[in-house]
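As structure tokens, the structure follows; a few thoughts come after it.
Note that the chains are named A, B, C and D in the order they appear, and that numbering of residues resets to 1 at the start of each chain.
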Amino acid sequence: MATKPDNTGAFRKYVVEFLGTFFLVITICMMEAGSMGQFAPIATGGMLLALMYSGFHISGGHFNPAVSLATYLRGKLNSGDLLPYIVSQFIGGTLAAMLAGFLLNSTGAAAPSPKVLDIVPSLIAELLGTILFVYVFLNLTTIKKTAGNIYYGVALGFTFMAVMFAFSDISGGAFNPAIGLGITMANITSWETIWVFPLANFVGGVLAAFLSQFVNGPEA
Amino acid sequence: MATKPDNTGAFRKYVVEFLGTFFLVITICMMEAGSMGQFAPIATGGMLLALMYSGFHISGGHFNPAVSLATYLRGKLNSGDLLPYIVSQFIGGTLAAMLAGFLLNSTGAAAPSPKVLDIVPSLIAELLGTILFVYVFLNLTTIKKTAGNIYYGVALGFTFMAVMFAFSDISGGAFNPAIGLGITMANITSWETIWVFPLANFVGGVLAAFLSQFVNGPEA
Amino acid sequence: MATKPDNTGAFRKYVVEFLGTFFLVITICMMEAGSMGQFAPIATGGMLLALMYSGFHISGGHFNPAVSLATYLRGKLNSGDLLPYIVSQFIGGTLAAMLAGFLLNSTGAAAPSPKVLDIVPSLIAELLGTILFVYVFLNLTTIKKTAGNIYYGVALGFTFMAVMFAFSDISGGAFNPAIGLGITMANITSWETIWVFPLANFVGGVLAAFLSQFVNGPEA
Amino acid sequence: MATKPDNTGAFRKYVVEFLGTFFLVITICMMEAGSMGQFAPIATGGMLLALMYSGFHISGGHFNPAVSLATYLRGKLNSGDLLPYIVSQFIGGTLAAMLAGFLLNSTGAAAPSPKVLDIVPSLIAELLGTILFVYVFLNLTTIKKTAGNIYYGVALGFTFMAVMFAFSDISGGAFNPAIGLGITMANITSWETIWVFPLANFVGGVLAAFLSQFVNGPEA
């Protein structure tokens, strides 16, 4: 008699994506509005490193709708998982932003006044940061020559830290539409210009998929 | 003729747990009250990384009563070791806080005035931070799919750094009842609200044990 | 029938070198002129770490004309690749400095007034930093005893961070002629003293090649 | 006919120890007196990480007389190498401090006024920091259970960073007699109390050798 199949496998992956995006967004929101704002890229990069290593073996460690889209385009995510991944990520980010708002409110700190993004520079900054992040992600998780490497978590944590340091003065520093929504809900960036994030991040993810495929060659 | 058995094996593990918690707590106390307070999460995360790599092969590298409880619940710590581990950790943390007090006093720096925690936000912050830290710990040290990995130390050092950055404005940032006692003894947080730490940290550890078991599935 | 040969192999390597130098230089330019300037070495070192891990399997991960020259001298880069590598790196750095100028201009921040380098100290600082960086690079990527190691990216990221922290007060902190050109274009250092970078960096790379060969012995 | 034997083997090790201590001490001197002093522990820890990974396969990566003494006591350094290692380290540190003095002088920055150490707290701080650092070093480089590990460089870089963060307010933060001499020559700490470093560091190294042997058990 066959053992009972484990039907919770897919659901467990979605929980990991939910949890990861939750902790990523709550970290960035708490840092940007807290007393150690200059360290936000280090805290967020460190959190991503930890989430990658603790969740990669279950869900692949996306925590970012642009990464899920690019991974799907590279043929490494089942089409049936794409939408649930993205939905889980947005739910995680939304809850995180709400909880961060509650916690920050309790400290009595003045709410930050939301930054209205300068459109063209912000589109460029978000596009560049997302292209690099997704390019590194794909080069380390979908390519034969790097298959089985164990430095993906360190590399991606430091990639995110570096692009956030380089570009957050310009665009707020999301490189991830779930983070873009989260920092908008937390009044770090303005609702007026929220469309910059999904546009630049999804286009960046698609371009990164082509770029990674090109530089790794036809047999990768 | 049989060689003389090594009866010091268990004791050696307790010494490693004592030493680790001592150095973790003295680092956090010296940093929070010193001239580079904003770097406290980096220093403490770095110290934890070092302690994990130097002690994991002997004691499992807990240095945290909530981790020992959760590891026991996951069946990876003998019941006979649970209490000695926790006692060793609290002794280490207590001695560290006393010695930090002596060293800081010698610098003539004004003693910090202890922070009285805001109960609900602090419980949430300590709970979230402990859940994440113990979840990462269990995912990397008790699961078949990650067995033998060598990135556990990097991942846990950066996890601690990240939760301390995100939540220490709210709760002081312990995520570990031995650290909670230590920072209270060092006048960083108030004796009035010290119960927040053991409550949130032990409950967080138990929840993390269930969460890690769930997301890793029935065969993990 | 033979499969069509892949003639894009060499070009793909040049693209990786172009991209890497582009992201290295844009990070350093954005940081030096932005609101988190003190973190420039951490951001740049983290970026280099990420670029090494994502590009090493394709191009060898140079992103620095002095590294390409030294690697060629050690017999690990084909002579036909040396010039295209260096050209790709300078194009990447130049475009990055131009784009950084556009992005920084959009923030309305005052342009930094370019630092005129003090010649002798700057030559020493650039020479020392380049020797160390290239020495570490060669010891970890061209020596039998360390062949196949996976820590090269971490080691080189932290090497660059450390020399930039130690010496950027003196020389601006390039250790790479493409970065030297980039920070000059971005008004961080002065055009008057730009010759310091190629002179000190290429001489440093050559000295590092001899030093690495010497300390690793005749059979390395 | 036999190939000519390589008589430069020992000398090459001394060169690596000289170079490593030189770069360690110049980093710490430039940082403590420069514009980014709060980052001195990060820069120095990162430099040590890089030096460990680039030099371990040649000399064992000591760069610290207290480490060489402890490694000798644990039977992992030939007695004939002990003195040359220590001499090479002190020469490297001395030259580094002199060169740092020249470079710093050129910036026109006011020389720091040397800190006169408070004896008892400084002895305790240097003793604790050295014990931990050497204990981690020995646990990761001389023990069977951790033989062949590749995380030694990350662990030791972060250990040094953490103890320097925790204790440099008290003692200046050497944990290494060659650094102690270097920071004294660079006017960071006073000549009056220079004896604190060799006393605390060598005693700390000896205690760490016993501690590491004890916790790793009789068969380690």
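A few remarks follow.
The criterion applied here is as follows: a contact is a pair of C-beta atoms (placed from the backbone, for glycine too) under 8 Å apart; a residue touches a chain by one contact, two chains touch by 3 or more.
In this text, all values refer to a predicted model and were calculated from it rather than measured experimentally.
The minimum number of touch steps separating chain B from chain C is 2. Comparing the residue numbers each copy contributes, chain C and chain D share less than half of them at their mutual interface. The angle of the rotation superposing chain A on chain B, based on CA atoms and rounded to the nearest 5, is 90 degrees.
Rounded to a whole number, the gap between the C-alpha centres of chain B and chain D is 28 angstrom. Computed from the mean C-alpha positions, the centre of chain A lies at a distance of 39 Å from the centre of chain D.
Within chain A, the positions touching two or more other chains are listed as 42, 150, 154. With chains as nodes and touching pairs as edges, the resulting graph is a single ring in which every chain has exactly two contacts.
In summary, the structure contains touching chain pairs A-B, A-C, B-D, C-D. Contacts from chain D toward chain C in the complex involve residues 6, 8-9, 12, 15-16, 19, 23, 26-27, 30-31, 34-36, 39, 42-44, 46-47, 49-50, 53-55, 57-58, 99, 102-103, 106-107, 150, 153-154, 157.
The part of chain C that touches chain D in the complex is made up of residues 38, 41-42, 45, 118, 120-121, 124-125, 128, 132, 135-136, 139-140, 143, 145-146, 149-152, 154-156, 158-159, 161-163, 165-167, 169-170, 211, 214-219.
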